[in-house]
Amino acid sequence: MNEFIFFINNVVISGAVAGSIYALGAIGITLIFSIMRFAHFAHADMMTFGAFMVFIFTAMFPGSGAALGIPTPILMLPIAMAITAVLAIGLDNAFYKPLRDKGVKPIVLVIASLGVTLMLQGIIRMFAGTSSRSLYIGERKEIYRLEVPMEGITRPIVITDPQIWLIIFAIVAVVALHFFLTRSRLGKAMRAMSDNPDLAEVSGINTRAVVMVTWVIAGALAAVAGTMLAMDVALQPQLSFFILLPIFAATIVGGVGQPYGAIAGGYLVGFVETLSVFNWSILLRPLQPMLPEALEVPRNLALVGTEYKIVVPFFILVVVLIWRPTGIFKGKVI
Amino acid sequence: MLANAPILNRLPVRETIVAGIVVVAIIGVIMAQGMTFGVRMMVEATCYAILALGFTIQWGYAGQLNAGVLGFLALGGYAAMAFSVPMNAAFWNTDLPQQLGWAIVRAVFYILIIIGVSQIHRLGVPKKVRTWATIIVAFILYMMMKSHFVPIASAIEREAQFIGGLGMHPLVGWLVGGLLAGVAGYFIGRICLGLRSDYLVIATLGIAEIIKAVMVNEEWLTRGTLTVSPIPWPVPGPGDIGFLAARSLYLTLTALVVLAIFLLLQRAYKAPWGRMIRSIRDNEISAAAMGKDINKRRLEIFVFGCILMGIGGAALTNFTSIFNAQGYLPLNHTFLILVMAILGGPGNNLGTILGAFLVYVIWVMSEPVALYVMQVVIYLGDMWFAWEPPGNIASRALQSRVFIIGLLITLILRFAPQGLMPEKVKHDT
Amino acid sequence: MPLLEATDVHGGYGGMNILNGVNISIEKDEIGVIIGPNGAGKSTMLKAIFGMLNVTQGDIVLRGQSIKNTLPSKLVQQGMGFVPQEKNIFPSLTVQENLEMGAYIHPARVPAMLEQVYEFFPPLKEKRRQQAGELSGGQRQMVAMGRALMVEPSLLLLDEPTAGLSPLYMNEIFNRVKEINKAGVGVLMVEQNAKQALAIADKGFVLAAGQNRYTDTGEALLNDPEVAKSFLGG
């Protein structure tokens, strides 16, 4: 039965972690798309930027989280969220809004966001270099080993501190987003603008406020996702290029412009990824005695090697674009 | 006023000024860094011009944004290496080629089976059953295919490092490189061109990462991180006739390629095909109403652009004489080209070539300039604040170029969206 | 003082003029109806009033104040409601949320106005929790009109409110318009169903080629044999 625990550790927990990160990123992209109608490619770098802010504050006040009994990066996260939200509004005012006001095609905004991607990366690389860093400065990453009191199980379920925080943050964010979109006046206005921007304008909805709130939410969630990724793995400037494809795949799978679709898409991509790199022969090996002699379970039954993890979101993307370009939750735009 | 406009249009004032700036910049670099360096820079600039022409066809002619130039470029680079590097006796003298051949035959057979299963609905099988059957069969055969290939691949890596090249003339590799890139472009285009333009950006970005991942990881094919060198040149190399002469010959070759592509494009632009392309771009709806198969034309443009990127990538990789899959970087091999094309004027071929030269000169010179500026900053910081600079200052100075390229993109979009040399759109008034 | 007075309005999109001198005038408690053949500039005139296209010549006055080329969002604040012909609801929002969006600028008034709109359109109250996009065509039109009424407008502009509706719903909508008018809201609407529309109209404006062809009371236009022959289908 240890194989089963192995499955939980490597698929269920890893998938939930990757899925949460993707979902938090994809929500931002889908909201920006539904309000401003362009694919925001600098989103992954907003994530790295948020993580970088956490890194700076953690380095400035190392160990200060201990007083509250939480990791210092978690304590610094709200500050990073606020800064990233401000950055997002600043980027919009400096680079996207002038183009929008000129009435350019959405694809020009996409190029602008590619330019912003490079600028953010350049800034982070200039200040932090290209090496990878840990967000745990002078602290230990707690690892919890949960023993399973069952016969035949000797291995524990392993989950780390940042993974627990991530899952908690993701749940809180999703619930908060739900209440914001369905209960608050501004949230409803946001959905209205995504539905029908012209009618929103003639109804007297303050579209500028909606645009600002969109950036605030997208920026804050990006900071959370980036920090969690950096806590789980490490802080690297080039991390963003690898995360871009999964979060866009998640956005499109869920249906562009559909926040709930983005959440579903994020977890879908996360789990498919971990299922694809999981070595299935571990689960099948215990069945070997039941199989006929000739049929031997191969040693490696993983769908793709970990080095090709990036192929998985791309494959999902291609499948969706061929069979259902609107995504599972009918997206607004194809 | 209006009567004079056509005459003003005919005088290439703008073109001359931009070309003059480019020439002055090149002479400046030659004077500062020497002739050999200058010729090297010009060779690379011509290679980038080929790449930028490929990009401008897609973006300027048809509004297709290719964010994965890197991938198509790397395919070209791979072909240039694979066709020109000498045959690897350690591989061909074993029975591995035979094994590999059989594995490929099997793979083709499996693919035929999968295609066959995907057609069983013609025999009256319900479509749902067909879909699931296809998925399951494809899955099983894929796993079997993998289990055939993996041992062979590791045997090749163990015994021969990699399969080596074919020892042909490098120019064959250039052409095949273009072809490979075109085929990759065809599949991407088929999937994405009917959809919103944003999807093409995502898909090209993805395919570029995947192509790079394959080249880094499939060591039996590419030698992976170990890199392959030297790649023989299509012209006599520096070992035979000296650096300057060899590079000058190479420059002649790449310049001829650029010229050929340029003339071909100018002709095509004025031909019915070019008129059709422009009418599609300028007014998609009316072009569709006139019964032109838009998606087919768009696919043609996209594939053509990718072919040029493959050829340009082959020329560039061949010149550096080393195939290093990890050396293909989004900044140097995608975004730099994007800047060249949008600065030069999207859809304007001459502007794109001049833009490629101008941006490349700036790019090359930005390295010493960034280092110099950084040194000045360190010197002043030390003098005024006794500031202790961090260690790897040189590599950080180079990272500032990432920022500059990004800033340049956003500034061009905002203040000069038509580039230095706008494409002349004839308006019916 | 008329509620709305538009005199000699010229305007159009880009360089093309569609309106070549249109005159519209309605009083506080009146229903005005604009009819005319396709391409006569009916909807364009409505958009010109609501600040959605550039008026190059002439003037538009609301309660004594010029509103020529004023932004739509400003006009909403000045008490004007506009119901576009197409895409006039937020399909993924519930009926009630659609109405709330109408009163976005006056959140405090929402509960009271909701009651009033539900009184005009009882079916909406039943379906208030349903997505507006799931409703039938007639009910969507009610949502669209309800949304515009949420700001308590003094003037309601309707662009072909009965387009594409079954005769049953058409009568229903016309009755609602009459009731809304009775409650003190001036109405100006563009209509294809000219006969029914003129029957409830106080004033009728027959446009052709961007100009007034006939301007009279609804009744007079209905009884004018020439209007009947050329514009009411005999």
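Annotations
Residue numbering begins at 1 within each chain, and the chains themselves are lettered A, B and C in the order written.
The rule is short, and it goes like this: a contact is a pair of C-beta atoms (placed from the backbone, for glycine too) under 8 Å apart; a residue touches a chain by one contact, two chains touch by 3 or more.
Only a predicted model underlies this, so the values are computations on that prediction, with no experimental measurement involved.
Among the inter-chain contacts, the highest number of C-beta pairs connects A-B.
Centrality annotation: A (chain centre taken as mean Cα position, compared with the mean over all protein Cα atoms). Between chain A and chain B the centroid-to-centroid distance comes to 30 Å (mean Cα coordinates, whole Å).
One finds 56 Å separating the Cα centroids of chain B and chain C.
Remark: chain A and chain C have CA centroids separated by 46 Å (rounded to whole angstrom). Taken in their complex, chain A has these residues touching chain B: 38-39, 41, 95, 98-99, 104-108, 110-112, 114-123, 125-126, 129-130, 241-242, 244-245, 248, 252, 298, 300-301, 303, 305, 307-308, 310-311, 313-314, 317-318, 321-322, 325, 333-334. Across the complex, chain A is touched by residues 63, 65, 67, 142-143, 147, 150, 191-192, 195-199, 201-203, 205-207, 209-210, 213-214, 216-217, 330-331, 335, 338, 342, 390, 392, 395-396, 399-410, 413-414, 417 of chain B. For chain A in complex with chain C, the residues that touch the partner chain are 185, 188-189, 191-192, 194-196, 198-206. Interface residues of chain C, counted against chain A in their complex, comprise 50, 52, 72-73, 76-77, 82, 84, 87-93, 97-98, 100-102, 104-105, 107, 147, 151.
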